[in-house]
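First up is the structure itself, then whatever we jot down about it.
Labels run A, B, C and D following the written order; every chain starts at residue 1.
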Amino acid sequence: MAEQYYTVPEMVAVETSKFVKDGMVIFVGIGLGLLTASLAVKTHAPRATILMEGGTVDSRFAHLPFSVCEPRSAYGCTVTTGLFDILGYNAGGSHADMAILGAAQVDQYGNLNSTMGPRQSGDPFDILHPGWRATGSGGANDAASGLPFVVNIVHQDRRFPKIVDYLTSPGWMVKVFENGNVKWVPRREAGLIRGGPDAIVTTQCVMKFDEKTKIAFLAEYFPGTNPVEIKKTIGWDIDISRAVQSEPPSREVIDILRNEVDPDKVLLGGLKK
Amino acid sequence: MAEQYYTVPEMVAVETSKFVKDGMVIFVGIGLGLLTASLAVKTHAPRATILMEGGTVDSRFAHLPFSVCEPRSAYGCTVTTGLFDILGYNAGGSHADMAILGAAQVDQYGNLNSTMGPRQSGDPFDILHPGWRATGSGGANDAASGLPFVVNIVHQDRRFPKIVDYLTSPGWMVKVFENGNVKWVPRREAGLIRGGPDAIVTTQCVMKFDEKTKIAFLAEYFPGTNPVEIKKTIGWDIDISRAVQSEPPSREVIDILRNEVDPDKVLLGGLKK
Amino acid sequence: MNEKSKIMSPAEAVKEFIKDGQIIASGGFTITRKSYAIYYEMLRQGIKGIKLCHVTPGGPDELLAAGGCLAGITGCYVGDELVQVIHPFCSRQIKSGNIWHEDYSHYSMILRFKAAAMGVPFLPTHSQIGTDLINPAYDVEGKMGLRGKDERFPLAKFHVMKDPFWPEHQNICLLPALSPDVTIIHAQLAGEKGTARIMGALGGDVEEAYAGKKVILTCDELVTEDYMARDPNANQIPHHIIDAIVPVPYACHPVSSYMNYDYDTNFLREFHTAMGDDSKRDKWLDEWVYKIKDHWHYLEKLGSKRLSSLKANPAYAYNPDNDRSAYMNK
Amino acid sequence: MNEKSKIMSPAEAVKEFIKDGQIIASGGFTITRKSYAIYYEMLRQGIKGIKLCHVTPGGPDELLAAGGCLAGITGCYVGDELVQVIHPFCSRQIKSGNIWHEDYSHYSMILRFKAAAMGVPFLPTHSQIGTDLINPAYDVEGKMGLRGKDERFPLAKFHVMKDPFWPEHQNICLLPALSPDVTIIHAQLAGEKGTARIMGALGGDVEEAYAGKKVILTCDELVTEDYMARDPNANQIPHHIIDAIVPVPYACHPVSSYMNYDYDTNFLREFHTAMGDDSKRDKWLDEWVYKIKDHWHYLEKLGSKRLSSLKANPAYAYNPDNDRSAYMNK
């Protein structure tokens, strides 16, 4: 295979940005979500509107921000308000079309874990002594509770358990708690009347959800990867029968990503493969 | 008796303004409340802060407003926000010290009716065909639910029933509704954990509430009126044993009221005796 | 995706978005920022059966009632303030039962819109507790048969519950969400995509706008979105929740728009007088509504001298020399 | 009534308002508007047993943890963003059980403060439903024995109920009010009585301020209330809810104040590195906190050249030439 003219993080950004349609109102978290939405706005979705939970609407970054509420995140925005308006009115009240979210783990139903777990996945878990800690869910829970969403995640074995060790953002089948018991029910039945996961974009592939089972199947694998190897890294019996190889990104879009979206390598530089 | 150098509305404004202490944060409704608070600020309470439900904090009127949300009501204010902040955070969340409210009726417990009733007080009442209609409670219910308050009311017989025909702002004993029955309970017991009426200032007198019975008694009668005549106009067996004659207002305060607070007679001119 | 412009005339906005039988939320506050240009047009287009709701009422209630557009009102007040001016026609229609009126407190109304804006079924408050505002016998929408049939109306007017979080378990009142079919608001400035800047007190407009399934925005000035972006802290409403932008001068006449124009008390006095007088009402409506072709015609009839006399002085945000004697009973 | 001035130094504000064992709300948002001047002073005054809560966390969590001030944290995140920088010391303390961490979603936290601000016991949301954020087995404050004893903590972490208003009766999650003993926020401008103007995104500061029993406000500039009144739409917080005004330059260093100064990534990188390294942590704290006399001494140690390099360019509201390489792993 010829030398790739794009990096893995670039491929992830391009693949994720395809979910952003022109005119959409998109809630983005820090990191890849922000990169992806910016790319979409500078390519095929110039009329997409970016919302960030610090309180900004329709920012047009001159320099990619480190935070969803730092001075750079407000550049060019048309409304500066607070977190309540963004997460309450726009995400909760369904005035946004989709969210792009990161996570530490994602499971077969698109449930996310952004926060913590036992030392080994599946071990008993003591909330007062978590085995590992990530930063936490922030607004990802809120966006996932009210909006359709796409997940960005680094492709590593431990990140794809059959059931997340600690569920922070709701996918298609979620937990309800009754008289000391945990029951798994469809998200609508639990009370989540809107939204749900549309896709998982990893650093190797794209998963989507089966209409009937609501379980993630392999939809695309990136050039240089293969479905059988990917299946070995997934904690559930993932259906790879529908998988096709992703189109490589165009040189043009990679140029825009490098030269216009993130010329300082704020995000492109920092992402692990 | 010598010719009075003040009018009845002026007396009411002066008497009511005495309840405003310096440094207080006061919620005011349209009409006398506004006049009274302005007078207090221009006399003994220069550091009082006026809140109005349209969304203004600390206005210093150049011209008395016709409405709590018209352009004049914002003059000189330090914060313009919305109704939610004023009625929710400040009145509901107890960031104000008192309210000055008007009403169409007030009863022995300081319950107000600002809205409607049957043709004759005490008659059966059909909500779909009210016998009379006034403007309605507006924010008076909300202020009375969360804050100590003083009532301004024109002194007329039909305005002082033992029990208001339709209860819109809660006094000391209020209604709770259980299985089709109405029960009268102390406001704290009903769930109103803050506030309550401090006084009723009419165009003839000042009533306050007995510590134990929470029933209004005659505290002061204005010069030119007398307790026995007042008692005839009140719908409950009002205690007049503690009544003293009010001090007439000073000429100085009347001058301030006429020349500085309401030189255009926006409110002083329009009030009935 | 080819983005259709949202900019339109009052007649186009009413034609496109307002239908018989809708729940309409009216923004503004009595004599401030009420989009009369839209309400006049609703009368001209003969809209019927409207359920009007608002954080704060004003003259449009009276106008819509007189024009036969109204089925009912859900709100806290029937009047124009102006030292307690009650709407004479509206209140008479309520007394006669021709228009129903569901009574809530002022804050309760903003909570109902806020709940809808947040996408939750209710919000809690201590307001209304202990009063007839939550007397089950006085559930007007229930008596009108609106509950349990029409999804837009909740099963109950309110719901009292015990606080589960503190040991006293005090009563608290839940108020159901209210999502109008159309919300009508006014802002001083709007960007060409709909970003809105309201100057002066906001009343309940932000909540009403987010609660609305559709939003019509009248504005004093239409500007570029780039101009709006120069001071984003001054803007409250994002463009993506606005459906129609109606940029017409004096859209709120006879009431005020902070910083731009004052209210017209002589007009309001004539309006209120005519509304209360059976012999004058239809004549007034003919003269000021039905025989008026459009908003430009309305402004022409008012005349530039009258409109100029209402122009706000920037040091005050209103006209300090405005003749307000019509409501000052000296 | 003789009104006492609210204007004071960071040391005075901490001495007067902050006590051991309090619930403290920290305003701002990770690398924006965090009042470090106050948090440094809390370490110097040896404050203990603080229950920190916030809509949005940031470096002060790590600082207070390292200074031994913290008992627990109630929030949604442990880090400084900066492309997912987790607080190394804080998270280690959480894993070891030395500091408890009660987990809520971001919006849930603002609802908890908003409920307190509104004076109601709870607010409802769909957030957290279906997740371990409302798993009764994971009630950390309950496990710590805080419920049912201390009025500041609710009897439950959450309460799921059926919507009484629509026929589907869907589940909704109630979140209890959270009223901190002291809220600490930062604004760019404050009037001499405390009226506050925050520029840029507001995060959760307005809600946290109204929720607080006391409020400490740091600000970049202290101005007259008359100046604040020239643009009242730009101000969010009224003076009567502010208890201490602390006007010091660069109160938020090493983080940013929109329009005034940018964050100091080199400082933050050293801070984060030292916090994660047992051999460096105490030395860093000595150098930058304990051996520092006051905020003026801190600024002197930073030096005017460094501070000037952070000054915001008004066209951007930050410094477009700021060296951000410490967090860009090229």
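Operating definition for what follows: a contact is a pair of C-beta atoms (placed from the backbone, for glycine too) under 8 Å apart; a residue touches a chain by one contact, two chains touch by 3 or more.
This one's a predicted model, so the numbers in the text were calculated from it and none came from an experiment.
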> How big is the gap, in whole Å, between where the Cα atoms of subunit B centre and where those of subunit C centre?
Replying inline: 27
> If you average the Cα atoms of subunit A and of subunit B to get two centres, how far apart are those centres in Å?
Replying inline: 56
>> Taking the mean of the C-alpha atoms as each chain's centre, how many Å separate subunit B from subunit D?
In response: 40
>> Quick check on subunit C: which residues sit in contact with 2+ other chains?
In response: 118-120, 125-126, 170, 172, 200, 233
> By residue number and range, which residues of subunit A touch two or more other chains?
Replying inline: 56, 74, 80-81, 88, 92, 146, 194
> Touch graph across the chains, line, ring, star, complete or other?
Replying inline: other
>> Strictly by the criterion at the top, what is the full list of touching chain pairs?
In response: A-C, A-D, B-C, B-D, C-D
>> Taking the touch rule as given, give the residues of subunit C at its contact with subunit A in the complex, in rising order.
In response: 1, 3, 116-120, 191, 195, 210, 225, 228-229, 232-233, 235-241
> Residues of subunit C touching subunit B in their complex?
Replying inline: 29-32, 55-56, 75-86, 91, 94-97, 100, 103, 105-108, 110-111, 114, 125-138, 140, 143, 160, 170-173, 200-207, 256, 258-259, 262-263, 312, 316-318, 320, 324, 327-330
> Which positions of subunit D touch subunit C when the two form their complex?
Replying inline: 118-126, 148, 151, 154-156, 159, 161, 163-167, 170, 172, 174, 176-177, 199-200, 233-234
> For subunit B, which residues are in contact with subunit D within the complex?
Replying inline: 21-23, 25, 47, 49, 56-58, 74, 76-81, 88-90, 92-95, 146, 194
> Which residues of subunit A touch subunit D in their complex?
Replying inline: 30-31, 52-56, 62-63, 66-75, 80-84, 87-88, 91-92, 102, 111, 115, 127-139, 141-142, 145-146, 166-170, 174-177, 180, 182, 185, 187, 190-194, 264-267, 269-270
